[in-house]
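One chain, subunit A, links the two complexes that follow: it is found with subunit B in the first and with subunit C in the second.
Let's turn to the complex of A and B:
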């Protein structure tokens, strides 16, 4: 297969993507280790997932499309899965932390907000007793 | 499979740096997993460990020039998400499947 793009350019592009992705992954874990409260710690690994692993997967897709005949696209599958699931997981972890009353740097919202935010499901709103549904 | 390994100078150097950085990320997530003052911190550290493992597997696939590791990376991402959801659900509701 005659190369449409010179190998050196692909190699420079791949190296940049790999180093940037690994640096973002490392920074995400560094923030996870160093930030002060849970709600700050929650946001750094999400950036590591999106930017770090995302660019590593793009680099891998380019690498295997370059090395092997044909297009290699199943890295995109991993990337899409991670992009979809990272916010969902972060949302569930934040809900768990609020339920356990984990305190942040600026304290917590008042109890009636914490307890009353999620009881608006229409099937149970008429039963009277307000109970915490998280 | 031998001619698919990394050639040249730039790419092996970048891969070596990336292995070092991702291994450092794994160690820092492990430290948060051990230290973490609350349970959500530990869940978050475990989730980050899964994501870092996916990154490490992608790098290993490029280093060895093998396509096999993507299935492993996909499975680890899948089970990591399921584990995160199950643990967070357990903390919020006291039960996983109600």
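Let's turn to the complex of A and C:
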């Protein structure tokens, strides 16, 4: 089909990408099991998994561009949405956990770290309705 | 100009999104995409508070390339941490004072922090002056803050924020 690159090389490349992707995704799930507290567990879906899904998507893009006429690029879209949504999801879960005062391995951050209530709270009355942004 | 095309950057992104979604650049889809990219910002104009200004597009492009590279490095670093002994992981919270002010800039920074090595943005203080970060290895909080500042916040500050 493609005279420029032998089929075998593309097949080896695709297999390598798929194995790498599967390995990182597996490791991400493994991390969920191994890490000890809620906040640390949030790290694995945003990181180990993005590279895992990323290499699977690259493999998909190469495979369909090779098998079918024209470039297949809508995999980029999946990657973009993943990179936008994974951190936002993790951020919201962490925020909800802090709100519910879920204790981590290192305890909770002190209140003054959370909303700067230590400095005589001028910011709280000054900016108005800070609760609205929670 | 502002009435007809309220958000040129958003329009451009929507057109790109449409072309990727249909996976083709045929004239018909180009036309349809352009129409959508023109109409959607026009009808949702009230939703977008302020227009985003990109002052240095080239710097922003280079910055995204660096971030992409860092994401790969972050994945490998976190993977190594996960296999290694759990005693290596000493999680904790860090408060990072923010210099950025725009909505888009802060959310970009928070996303990037979550995607890069050992850090996760967990909370934005009510007055938006500080970001609470959860780190997997927090032996030296100042070093983490300094690195984020120099590597990610500074380029965003230069590229997006009005002086």
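As a working rule, the second predicted complex is superposed on the first by the 108 of 134 C-alpha atoms of A that agree within 3 Å, B and C clash if a C-alpha of one lies under 4 Å from a C-alpha of the other, contacts with A are read in each partner's own complex, and residues count from 1 in each chain.
In this section, a residue touches a chain if its C-beta (ideal position, glycine included) is under 8 Å from a C-beta of that chain, and two chains touch if they have at least 3 such contacts.
Quick caveat: nothing in here was measured; it's all calculated off a predicted structure.
Look at A:41: by the touch rule set out above, it reaches subunit B but stays clear of subunit C. When both complexes are overlaid on chain A, the residue A:12 reaches subunit B alone and has no touch with subunit C.
In the superposition on chain A, contact is made by A:74 with both subunit B and subunit C. In the superposed pair of complexes, A:105 makes contact with subunit C only, with no contact to subunit B.
When the two complexes are overlaid on their common chain A, residue A:95 makes contact with subunit B and with subunit C alike. In the overlay built on the shared chain, the residue A:51 is in contact with subunit C alone; subunit B does not reach it. Using the contact criterion defined above for the overlaid structures, shared-chain residue A:65 touches neither subunit B nor subunit C, since it reaches no partner.
Contacts of A:21 after superposition: subunit B is touched, whereas subunit C is not reached.
The contact surfaces that subunit B and subunit C form on subunit A in the two complexes overlap at residues 30, 42, 48, 52, 72, 74, 77, 86, 88, 95, 134. By the touch rule above, subunit B contacts subunit A in their complex via residues 4, 8, 10-11, 13-15, 17-22, 24-26, 28-29, 31-32, 38-41, 43-45, 47-48, 51-52, 54-55, 58-59, 61-62, 65, 67, 70, 73-74, 77-78, 81, 84-85, 87-89, 91-93. Those residues of subunit A that touch subunit B in the complex are listed here as 7, 11-12, 14-16, 18-19, 21-23, 25-26, 28-30, 32-33, 38, 41-42, 45, 48-49, 52-53, 56-57, 59-60, 63-64, 67-68, 72, 74-75, 77-78, 81-82, 85-86, 88-89, 92-93, 95-97, 99-100, 102, 134. Across the complex, subunit A meets subunit C through its residues 24, 27, 30-31, 34-37, 39-40, 42-44, 46-48, 50-52, 70, 72-74, 76-77, 83-84, 86-88, 90-91, 94-95, 98, 104-106, 108-109, 113-116, 123-124, 126-127, 130-131, 133-134. Of all the residues in subunit C, the ones that touch subunit A in their complex are 17, 20-24, 71-72, 74-76, 78-79, 82-83, 86, 89-93, 95, 110-111, 113-115, 117-118, 120-130, 132, 134, 136, 138.
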